[in-house]
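You will see two complexes here that share subunit A, one where it goes with subunit B and one where it goes with subunit C.
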Partner chain A sequence: MEKAFLGIDIGSISTKGVILDENNGILASEYIWTEGDPIQAVKKLLGLLEAGFDKSRYTIVGTGTTGSARKLIGTMVGATVVKNEITAHAVGTTTFYPDVRTILEIGGQDSKIILVENGVANDYAMNTLCAAGTGAFLSSQAKRLGIEVEEIGDYALSAKHPVSIAARCTVFAESDLVHKIQTGHAKEDIIAGVCNAVVANYLNNVGKGKRIASPVVFQGGVSKNKGVVAAFEKALHCPVTVDANGHLMGAIGVAILARGSKERREFDFSVENTDFHVRDASCGRCSNNCEIICVYRGDELIDSWGNRCERGSIRTKA
Partner chain B sequence: MEQARKKVAFPRYAEYNCGLRYLMEKGLDVQCILPPKLTKRTMELGAQNSPDFVCTPFKTLLGNQIEALEAGADTLVMTYGLCKLGYFGELEKRILRDMGYQFDFVDLSDYNTGKKKDMLRALRAINPKVKPARFFLALAEAVRMTEYVDEITGDYYRNRAFVRDKKAYDGIYRHFLTAMYAAESRHDIEEGYHKAKLELAGAPMDRPENPLRVGIVGEFYTAMDEFSNLEVEKKLTDLGVEVHRWMTVTNRMLRYPGDNNLQVQIKDYVSYSMGCNTTANSWAALDYVKRGFDGVIHIKSANCTPETDAMTVLNNISSDSQVPFLYLTFDVQTSDVGLQTRLEAFYDMLAMRKKVLR
Partner chain C sequence: MKQVSTTASRLPLIGIPRGMPYHRFGDLWKAFFKALDIQYVESEPTTLRTLEEGTAVALDETCLAMKLYLGHVMNLAGKCEFILVPGIKSFGRNREYCPHFEGLYDLVRNSCRDSRQKLITYQVDEPNGMSEADAFLELGKALGFGGREVKKAYQTAKREEQQRWQKRVLLENAKVRESGLKVFLAGHSYVLEDPYVGKPIRNFLEANGVTVLSGPVTDREQAMKNSGVLSPGCKWEINRELLGNLALKKKNIDGLILISTFPCGSDSMVNELLTRQIDSMPVLNLVLDSQSGMAGIETRLESFVDIIRFKRGLM
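Then we have the complex of A and B:
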């Protein structure tokens, strides 16, 4: 049996999974929508991965989870590595592009920039309070214009006179956009304007004060949007590489981290059919009222977190 | 008939209320009402009654003053500072009065002239019968206590990452703080300090030869108060980092070498003082970099103007020295998931860099 490693990246909008062999070859990969239910999404994802994967030849000996639901899903699938998405992206990208200097990443709800030197990250930033310039903004504007999110790129590239849209804030961008629609601008010009606004917002917020050096790699769901890629190339005056697997890079990165870790545990696809649910408890021992997240497998409490002090710790039955 | 002792409260400020309590009770002969520890409720009360765009510490302080009044305080004392903090007292007083509370308010910025005469007036506003000799004796002891609190807190966060039994180690620190809050004499202070110092030093430790060292700089309230910064220091030590923080009351107020003396040491980056703590923080960050720290974390609250200014200086220090800096801004939100992600990523980055650079 050959060894394989599973990486799962559970984002706010999409859930990604890959199975890697020992030489970074992708044995199976899937990309589905999270649809507000990470547990169901991961079950569905595992079903799809299992179908496309040769179980008689490979065994999965290490599992990594990343993304905003990494802890919950890590508990659920019995992960050997639970890593934040910034590290996962940096590791994934530097493995495939050893001389990369700048990694741009725009996902559904967040965006980040990672600066790399000598193959290791030496600075990063992540958006804090604002969702402007992320995938969620693009998809809501696509809906307003009556087109599919996947079509944005083609529309944007066919624009001749992109309109200018305020990039500072989603609320202003949106009212600016509505105004441009109502004054009768062509759809493709508006869409190209939205793509430019996303890039301007990204560079002004996340990329503020960072020295962006070439080679630049762009990933995350939004990297599939050709309009945004073109806008980045124009703004940065350098080519921007988009990997065919750029949207999976977080999952790939965490699978690589699982391979590098010493911990080994065989992964069991049967979690697909096991019932997992989460309950929210309020501690109530002091006026802080910590929200404690309790994760159950069937009726059994398997993990809990969220308490700030000892008083709120819930002991699992060992 | 003798008047009942005043019930005086000062809002929670990191772990410095033990010294303030000692000073009030021993030096000013008033009863100190210790407001409850900061919790989500404090923040909610404060945010509800504060202007929206004021800096976050205002909201925390106001919420805690409401809690102090609920606990029975009849006199509130508020400090002054070099930034918007100077106006906090006046605004708090008006908001609390509008809410219908009745209390005496002693705003130290009314007496902030540096003259001895005005200092005495401030003390008399708290207790008209104050005995200056007694006050200054208690002040010296409270200052000593504050220095001890900073020293022990420093030891605690420097070593917590490496101790074998974190729970016991946390216990030593907690007991020390309890002893300081309960101290009734110089003897109690000394005893509590020496006990903690010995116990902390005696805790079994597995210290790696070359651990990751991170220096913390930042705003005078948020960088020091563990509720306000969502326990950044504890989280870092959980990851295995040796944490240093220069910014303490001891360093900034009791033993401060003065802006001018620090200014000359950072003249490559700063040509004039930007006020408040920017000089101190720029100096501390540069000092960490020179001493070979692996990273620096800058902490500020939302809408803090002086620290926003300091960030541009820190950016230059970071890019010249190639030492990663992480900038964290804290607001009224109390979920720490995003913070955990950023700290873990920062830790991973420093650890990987250290491996490659060595």
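Then we have the complex of A and C:
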């Protein structure tokens, strides 16, 4: 049996999974919507991965999770590595693009920039806890304009006179956008304006004060939007590479981290048929009233977190 | 709640809110009251309830730190005769405080009016002839003590405060020589030392094997001397000390984390000055408001520590 490694990236909007062999070859990959239910999404993802994967030839010996639900899903699938998405993206991208200097990433809730020198992540920035200028903004504006998120790119590229939209804050941008709609600007011009606003917001916030050197790789869900890619190229005056697997880079990175870690545990696809659920508990031992998340496999409590201090720790039977 | 025992019964019980100025002047107040044999009671350490009680009485646009301060005041309301709410405007040129410190007494009096709690204050404004010593003299007189007695108590308290501070600075400066990853936390002491807001961040970093250097803990005079290089005109004392302390320690650190509470006016300007002092070092800017989830913060801290490890070749 040959060894394989599973990486799962569970974001607020989409859930990504890859299975890598020992030479970073992709054996299977899937990309689906999270739809507000990470546990169900991962079960579905694992079903899809299993169908496209040769179980008679490979065994999965290491599993990594990343993305905003990494802890929950890490518990659920018995991950050997649980890592934040910055590190996962940096590792994934530098493996495939050893000479990359700048990684731009815009996801559903977060945006980040990672600067790389000699193949090693050197500096980075992430949006503060506010989700302005991320995928969430693009999808809410698409809804307002009555189009699908996937269509934004084509609309934006056909624009002749992109309108200017306030880029500082999503709330300001939205009211500016409404005014532009009401004064009769063409839909494609407004959409192109929204793409420019996302880029301007990104460069003025996360990208502020950072020396963006070429080669530039752009990833995260928003990199699938041709309008934003074009806006970045115009603003940075250099080509911006979008890898065909760019949306999977977090999952790939965490699979590589799982391979690099010493921990080994055989992954069992049966989790997709096991009942997992989460219950909220209020600690109540002091006036912080910590909201504690309890994860159950069937009736068995397998993990819990969310407590600010020891008083709120819930012991698992294992 | 801690209560200082004393035999003097003619004196009122003073309440000390554990917010904003407490983290800088609390030692001085407590030593001063002790020297005069005045009983005091401190508010309970910050919890979610402190924030909720503070938010209920605060103006909604005010900063998180001010909301917490008001929560501490409300925690003491009805439990003491007077709550000590100082007003601190300025200790001299380039030693000024933010408008919330300056107008604290009026802010509290108006926000907490319905509680009918009595307040007691002292107001420091050195450029206009009111030094800290003079302000304490007035405070002591208002409590019914003679001038001589008050002056002596203030001097004793000041000495005690300085001795405590020097000990803390010695311990803090020793951390610079520790091996391993060191991160400089820049922020106001009332943010960094608050058990609900700043402590979880510090604990998370320490649990991940990082030595945390606390920005406000420094030899203040020395820091002030080093603070003028980038901004001769920065007028806020607390921020100047951070600038100076970072200038002193920047060669010994691996990363800088800026922590401020939304919407802090002075931090929004000075954080820019802090980042300009250093080059080729990862900087993390955390703006905190009343988020109760730690997940977003943990992602940022964890990735920050990873990047430092990458840089040092430890990963």
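One rule holds in what follows: the second predicted complex is superposed on the first by the 317 of 318 C-alpha atoms of A that agree within 3 Å, B and C clash if a C-alpha of one lies under 4 Å from a C-alpha of the other, contacts with A are read in each partner's own complex, and residues count from 1 in each chain.
In the analysis below, a residue touches a chain if its C-beta (ideal position, glycine included) is under 8 Å from a C-beta of that chain, and two chains touch if they have at least 3 such contacts.
Since the model is a prediction, treat every value here as computed from it, not as a measurement.
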Would subunit B and subunit C fit next to each other on subunit A once aligned, or clash?
clash
Partner chain in contact with A:R211 - subunit B first, subunit C second, else both or neither
first
Touch check for A:N289: first (subunit B), second (subunit C), both, or neither?
both
Return first, second, both or neither, reflecting whether A:R264 touches subunit B, subunit C, both chains, or no partner chain.
neither
Between subunit B and subunit C, whom does A:T87 touch in the aligned arrangement: first, second, both, or neither?
both
Answer with first, second, both or neither: which of subunit B and subunit C does A:S68 touch in the superposed model?
both
So in the superposed three-chain picture, is A:N118 touching just subunit B, just subunit C, both, or none of them (first/second/both/neither)?
first
Where along subunit B is the clash with subunit C: 73-81, 163-171 or 199-207?
73-81
Touching both subunit C and subunit B, counted on subunit A across the two superposed complexes:
68, 83-87, 90, 120-124, 126, 128-129, 209, 286-289, 308
Help me check something: in the complex, which residues belonging to subunit A touch subunit C?
68, 71, 83-87, 90, 110, 114, 120-126, 128-130, 209, 286-289, 291, 306, 308
If we count contacts the way the header does, which residues on subunit A are in touch with subunit B in the complex?
68, 83-87, 90, 117-124, 126, 128-129, 209, 211, 286-289, 308
Quick check on the complex: what are the subunit B residues that touch subunit A?
36-37, 39-42, 231, 315, 318-319, 322, 324-325, 329, 331, 337-338, 340-342, 344-346, 348-349, 352-353, 355-356
Subunit A partner contacts - residues on subunit C that touch it in the complex
47-50, 196, 200, 275, 280-289, 291-292, 294-297, 299-300, 302-304, 306-307, 310-311, 313
